[in-house]
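Labels for the chains are A, B and C, by order of writing; each one numbers its residues from 1.
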Amino acid sequence: MEEQTQDNTAYLVHLPELFDGPMDLLVHLVKKNEVDIYDIPIALIAKQYLEYIKLMKAFDIDVAGEFLVMASTLTYIKSRMLLPPEPSEEEEEEDPRMEIVRPLAEYLQLKHAAEDLANKDRLDWDVFVRGYPDGAESSDEQAGGLVQVGLFELIDAFQEIIKRVSPQDLLNITVDTISVKGRISEIADILERRGSVTFEEFFEKQATKADIIVTFLAILEMAKSQIIRIMQHVESRIIRIFNG
Amino acid sequence: MDNLKAVLESLLFATEAPLTVDKIKSILETEDRKAVQDALASLAEEYEFQKRGFLLSEVAGGYQIRTRPEYAHWVRRMREAKPARLSQAAMETLAIVAYKQPVLRTDIEHLRGVDSGGILRTLLERGLVRVLGRKDLPGRPMVYGTTKRFLEFFDLKALSDLPTLKELQDIGKEWPNDST
Amino acid sequence: MDNLKAVLESLLFATEAPLTVDKIKSILETEDRKAVQDALASLAEEYEFQKRGFLLSEVAGGYQIRTRPEYAHWVRRMREAKPARLSQAAMETLAIVAYKQPVLRTDIEHLRGVDSGGILRTLLERGLVRVLGRKDLPGRPMVYGTTKRFLEFFDLKALSDLPTLKELQDIGKEWPNDST
């Protein structure tokens, strides 16, 4: 890929595998050129990077947006390298390449980690235990005599239901509504323990405005469902919430 | 194969059904029936001599490692302590209670399309679901919600840690109402 | 119990999931943690010394007998095991979750430079990754972490068993192998 050409077929053999992402491609180029990642010849790497993208396009391979973002970052760094340092600046300017070096170094670290993981003795490939026919089931257990299941199984179960019914009233489940449900559960816990609690108590420890709103909505919802009763003392005017 | 015995042992350990000599021969790509039989005999003797927790049984025309009958009591205790698995129906019901609480039994049954009283009772007994209260409707139906134990069970810090449908969509779950 | 080792061996042999010392104690109705631990250590040593076909692994906080990796080839032949295919992208994502947990999807994508929703979903479904909770940020995004199954899958005692990123870089060649 050192030179440009119109004849793509010449490169057919050289076309590297598709890269997982722009970082992957960058690692490949830096490695291929055997350069120090802390002293990347940015012009060279940027050029090769762009050539690769051109090649992908020539072969009608979908070039994901991320590749283009990286291309423009590289081009930008290259242009900044060409500018003379601003004379007015007192402090020494950081090497513009650091913008790419830092994530690259971190990505490399994680590639090492991924490789290390891949070299471990993998269950059902390197090592085998009894009774796992396909390794799909690990019986994680908990006190109380139930097999622990993943959250995903719960979600899958929910998904099954949604397939069967009109999804309309299920789609309004948002982070906020779940928060309200969570607070309902907490309030029910408290009432189970104590029977009744003053209205103010519920708001005393609330840290944020959002928490206060969630608590208020929870109390409203509980009152609506008649899970709780809200009473006010005639004289003290203290509002108390009772288990329904 | 100089470590024939050890290889055989690893096979016997990892198998569920008894292994026949023919099967072993084909796995190890050997024609030496005698060597296989000798190794098996030697393993059986070793387990006996070393008083291991298991023995090599010749069953149903094949060989299988089995726990020693003397220790059956303990193995049974272990197996009995084996936790139960929630059924699909229970998971569905639990999911509805989790996402729709406070929820009535009729709501659950409306969503599932079947009677869910028995399952609800099981979930109540298991401590995953509880009665939050009664609704002021004819018959004063009970309102259900999830418990703290539910959170522990699914390793959730709080109910608000449940993913929303939107979030599931974002991580690529396909939902029936979009597309297809 | 004079035959503690043999009883333990029969339990380890008959279990499917790794057995914790606590679980063993409760099955054997003993309070003697030290005796259990000594017996386990002694068994592990014996398997090593006798070059048995299996070994005693400490995984995911418990103990489990597993076939010796040297014989994987033969067990695979017997089980007709298909490689538990995890793509390079999946391994990368898994490594990020393992090392950076609790981690946001956006952090993963930032590091990898590409959308990782699909991969994350696969890992969630395979039970290697789970939702740990939510982060107190706008939109309350979900945070991810690894599961117990992750430990079992990669033969790890605990997460702390993983080398640090620094160690990896120091012992590692400067370049990770990519497949090109």
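Assorted remarks:
As a convention for this text, contacts are C-beta pairs under 8 Å (C-beta built on N, C-alpha and C of every residue); 3 or more make two chains touch, one makes a residue touch a chain.
All values derive from a computational prediction rather than experimental measurement.
Taking the mean of all protein C-alpha atoms as the reference point, the chain centroid lying nearest to it belongs to C. Of all chains, A has its CA centroid at the greatest distance from the CA centroid of subunit C. With centres defined as mean CA coordinates, subunit C is found 22 Å away from subunit A.
With centres taken as mean Cα positions, subunit B sits 29 Å from subunit A.
Between subunit B and subunit C the centroid-to-centroid distance comes to 18 Å (mean Cα coordinates, whole Å). Among the residues of subunit B, those in touch with two or more other chains are 10, 13-14, 81, 155-156, 158, 160, 163, 173.
In subunit A, the residues that touch at least two other chains are 128-131, 139, 141, 150-151, 175.
Residue ranges on subunit A touching subunit C, taken from their complex, read 16-17, 20-24, 27-28, 31, 64, 66, 70, 103, 106-118, 120-132, 135, 138-141, 150-152, 175.
For subunit A in complex with subunit B, the touching residues are 128-131, 133, 139, 141-142, 144-151, 153-165, 167, 170-171, 173-175, 178-179, 181-182, 184-185, 188-189, 221-222, 225-228, 243-244. By the touch criterion stated above, subunit C contacts subunit A in their complex at residues 13-17, 57, 64-69, 72, 75-76, 79, 81, 83-84, 86, 88-89, 91-92, 94-96, 98-99, 110-115, 124-125, 127, 130-131, 134, 139-140, 147-149, 152-156, 162-163, 165, 168-169, 172, 175-180. Those residues of subunit C whose C-beta lies close enough to touch subunit B in the complex are 3, 5-15, 19, 23, 26-28, 51-54, 65, 67-68, 71, 74-75, 77-79, 105, 117-118, 120-121, 124, 130-134, 140, 142.
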